[in-house]
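Here come two complexes built around subunit A, the first alongside subunit B, the second alongside subunit C.
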Partner chain A sequence: MRLFWSIAGVEARKRMSYRADFWLSSFVAFGTELGVAYFIVLAMVPVAGRLGGFSRDGMLLYYVAIILTARIVWSLDLDREISDDIYQGALSRYLLYPVSYGVLKYAAQIGALAPAIVQVILFSACVPFVLGLPEGIRITPATAAMALGAVAVANALHFLVTYPIRLVAFWADNCWSLLWAHRLVATLFGGLLLPLAMFPSWSQPLLNALPFRYMFAFPVDALLGRVTPVEYATGMAIALGWCGVAAVLSAGVWRRGTLQYTGVGM
Partner chain B sequence: MIRYLRLYGYFLRFSFSRAMEFRFDFFFRIFMDTLWYGHHLAFFWILYRHTPLLGGWTMDQMFIFAGGVFLADAIQMTVLSNNLAMLPNYINKGDLDYYLVRPVSSLFFLSLRDFAADSFVNFLMAIALLSWSLVRYPAPLGAGAIAVYVVLLLLGCVLHYALKMIFTIPVFWLHTSFGLREIFWSLDRYTTRPHGIFTGWVRRMLVSVLPFSLIVSFPTAALFQGLSWRLLGHLVGVTGAAYLGMLWLWSRGLRAYASASS
Partner chain C sequence: MIEVERLTKTFTIHQKEPGLKASIRSLFVREKVSKTAVKEVSFEVGEGEIVGVVGANGAGKTTLVKMLAGIIHPTSGDARVLGFRPWERPRAFTRQIALLMGQKAQLWWDLPAADSFLLLREIYQIPEDKFRSSLDYLVSVLGAKDQLTTQVRRLSLGERMKMELIAALLHSPRVVYLDEPTLGLDLTAQRAIRDFLLCYREEHRPAMILTSHYMEDIERLCKRLLIVREGELVFDGPLEKVVQTYADHKVVTAHLHKRPEPVRETPELRAMGQVDACDDVLIKLRVPRPRVAEVAAELLRRYPVADLAIEEVDVGTIIERIIGAPKEADTAQVRP
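Here is the complex of A and B:
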């Protein structure tokens, strides 16, 4: 465990030393994402009306929360690091370590969260002054604690779901397209693009069963007081179940991949 | 001109033969772009379940707009993307020398050398989706209006290229493209949304200083509302200004380029 946090610390220091262009691009990315969502909400939701259970301000708050949640869940992409380790033969040294490669990389991902957490705190601090607390939204210490737990699981779930995709690098020359495909599916079915309540009613059971909701929308719903304790417990159980499935799948892909890994790069 | 066309023919032949060496990536990329199309269409389809109009356009009109976004993106990904992605590396490592000593325009060579053959199938898919959205449109659009739309869309692609270069060329002085490239990709989101949803100073910015809304949204507006001299002048004027600005920046950048020590 000490090794885990030591790796996370090294990664955090590395990421925090990024230069001004990194912070500038982060601000622009946040502003643009929120700007597009803001105008879509304005065009969609009447001033006094409701949509998907949200008032106009409520939906804006949902978008702010989910964009910030996504930053923590995604962390900073280490996608290429894993595939590059495989392509360039750098994986060999990790195979000699007495710790699992996946655990090492997850520790690095946790460390890489540092700038994202700083950004989330900064941006979140501005929200009450801009939006206030819209009608029908209840944020309490209890919902905040529930959301924190859900975000931690969401981060692990995202890593575990994408890990076997990154390991496709053992067989394919470029797994970037697959990761991007996963991102598209996750943003749509995770509620990052639109609140899931806007999806047709027939799709709701499917959305609840798939892992994507638990990566983004679920922590936000927990924060905004939109899930009951029973729904929260059920959701966390489903998310943890998906973590287990992804971990088993990852172990299988890792075993098959390392069997044919030559250690000389591709 | 013929010399440039023949040279481009060689680029194409080389790019296709190289793409077929990496078959996994070839199919992964088709899969990814297919999902991207589905992602966009699903987004608008869900939105229109809750509203009859978005930014003044119906769902049928929005599908044509989405088809235009797909085609503009496919042209960018197929013809330019690989080349512009490599440009910062060439500048920082001094590899630009190789292009500067060729007896052709360095900008032509650098921008068009690598044709992304693995995106070519998606280019065909984008054409098919745009055709489908035009065919299913309930009112007659007219061949002339569609031809004008396609020409304006190509003009939008030129504007997109110029904007992307403007965000890339500062690497001559900054030595890193990370920040500006990320900013460009963030702002490029505005290209994928109709300009009618934006209001106030944001809208004014998106049709002038950061003209991302002109790339697809204006050609689509011309298709539905008819081409006015004002709209055409605006699109041509902004595209021309962006292109000339890009050429000026490029010449300044080349002057600042110090080969391997850059």
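Here is the complex of A and C:
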């Protein structure tokens, strides 16, 4: 664990030293996302009406919460780092270490979250003053704790699900299109684009069974008090189950992939 | 410590003709060719031994080292390093080896080297007192104290290479692979690295495999040499044996007292050996080994010789000739 936190600490120090990037991503990236969400909600939800169980203010809060959650789950730009390591031959040095490459990279991903965590704290502190707490939504210490647990699992789940996709770089020079395809699917079925409650009722069991909900919508639903303790426990169990499946798949792909690895590159 | 038995590595490589048409075609059909980078190579390396591996670009040196470091899997054959199969990468193996690649940075680019060393301490779980003593020793021998707190990307190539060496040796590996460690360095830095490696070998006795294009690296550091040509091991033996095996002649140089007329390349002179130079002060001949004494005596008798030197052909020249020769050339395998 000491090694894990050392790696995370190094990555955090590195990321926090990019001051211009921190403020640009805080205001330009976040500002754009929140601005787009604001106008979508205004267009979709009537002033006094409800959509997917949300009032207009409730829907705004949902989008703010899910955008902040996605920032923590997605980390920054490490999506491409693993496939780049393979493509450029930088993986070689990690293979020499008596430590698992996946663990090293996950530690780096956790460390890379440092600026995002600071941004999320800053924006979260502003939300009550800007939006208030819409009617019918109760955020309590208990729901906040449940959301924190769900976000931690969501982060691991996202890493583990994308890990075998990134390892495709052992066979294909360029697997970024696969990562983009994953991102699009996760955005849609994870509730980032639209609240999952707006999907048809027949699709709900499927959305609950797939891993994407547990990456984004589930932590937000937990925060906004929209899941019962039983639903929360079930959801966490499903998410952890997917983590296990993805870990087994990753191990298999890694084993086959390293047989192919040539260690050449730039 | 290192045992290699008929190790072979074959790569499959895509080929594409230049041009847009070929690019579009390659989206649907790709031509693949197999290239054997290392072919049935066998050798052993013992404790405290530095073995030089030389060969032309693409001869398979780096592929061989990568297999022995566990980075890539062989196509066939076997190898044991410290009793382990390298490509299985058990922790007990990776804790005891190091690989330094001259053309690739292995340190964290954005961090000062000192931070990288702290990370390596955690990665290799080096006890604090051992870490401190190793670091102090390596830093003082390499004279690298002033660069420890500078970001790696801001260091000069020579300074970076010193940091790479420290990083590679911090955990006191028992087997060290050095792939072109002096590549691109100026003469002073090359000498510093060579001196350091000799000093480190004396004190720690690791098994070392060194690949280099610089003959001075090989001559200064290695008593034993492996010559690889097109993936095959064509020579394995002591450095001096290269000369005995491949140089069938010696160079005889006679410095003459100044003469009014230059020496002519007469049939008598050509009968002594191949004439490399002859003028009013010097005669230089390549003479078959069995005839050296006879030719030396003949030169002393016929010419006003002030000084006579009998030398082996430069080992670098011989090696260059071997690695540059076509596969069919007469370079029988030598295994002492």
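Just so we're on the same page, the second predicted complex is superposed on the first by the 260 of 266 C-alpha atoms of A that agree within 3 Å, B and C clash if a C-alpha of one lies under 4 Å from a C-alpha of the other, contacts with A are read in each partner's own complex, and residues count from 1 in each chain.
The working rule: a contact is a pair of C-beta atoms (placed from the backbone, for glycine too) under 8 Å apart; a residue touches a chain by one contact, two chains touch by 3 or more.
Please read all numbers here as calculations on a predicted model, not as lab measurements.
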First, second, both or neither for A:175, with subunit B first and subunit C second: first
Taking the superposition as given, does A:36 touch the first partner, subunit B, the second, subunit C, both, or neither? first
Touch count on subunit A, higher of subunit B and subunit C: B
Regarding the shared-chain residue A:121, is it in contact with subunit B (first), subunit C (second), both, or neither? neither
Applying the document's definition of touch, where does A:258 land relative to subunit B and subunit C: first, second, both, or neither? second
Just checking: does A:3 make contact with subunit B only, subunit C only, both, or neither of them? Give me first, second, both or neither. second
One more residue to check, A:145. First (subunit B), second (subunit C), both or neither? neither
Mind listing the subunit A positions that touch subunit C in their complex? 2-3, 6-7, 10, 14, 17, 89-90, 92-93, 95-99, 258-259, 261-263
If you look only at subunit B, which of its residues touch subunit A in the complex? 22, 24-25, 28-29, 31-32, 35-36, 39, 42-43, 46-47, 49-51, 54-55, 174, 176, 178-180, 182-183, 186-187, 189-190, 193, 196-199, 202
Show which residues of subunit C lie in contact with subunit A when the two form their complex. 11, 66, 69-73, 89, 91, 94-95, 97-99, 101, 104, 106, 108, 110-111, 115, 118-119, 122-125
Under the definition above, what is the set of subunit A residues touching subunit B in their complex? 19-22, 24-25, 28-29, 31-33, 35-36, 39-40, 42-44, 51-52, 171-175, 177-178, 180-181, 184-185, 187-188, 193-194, 198-200
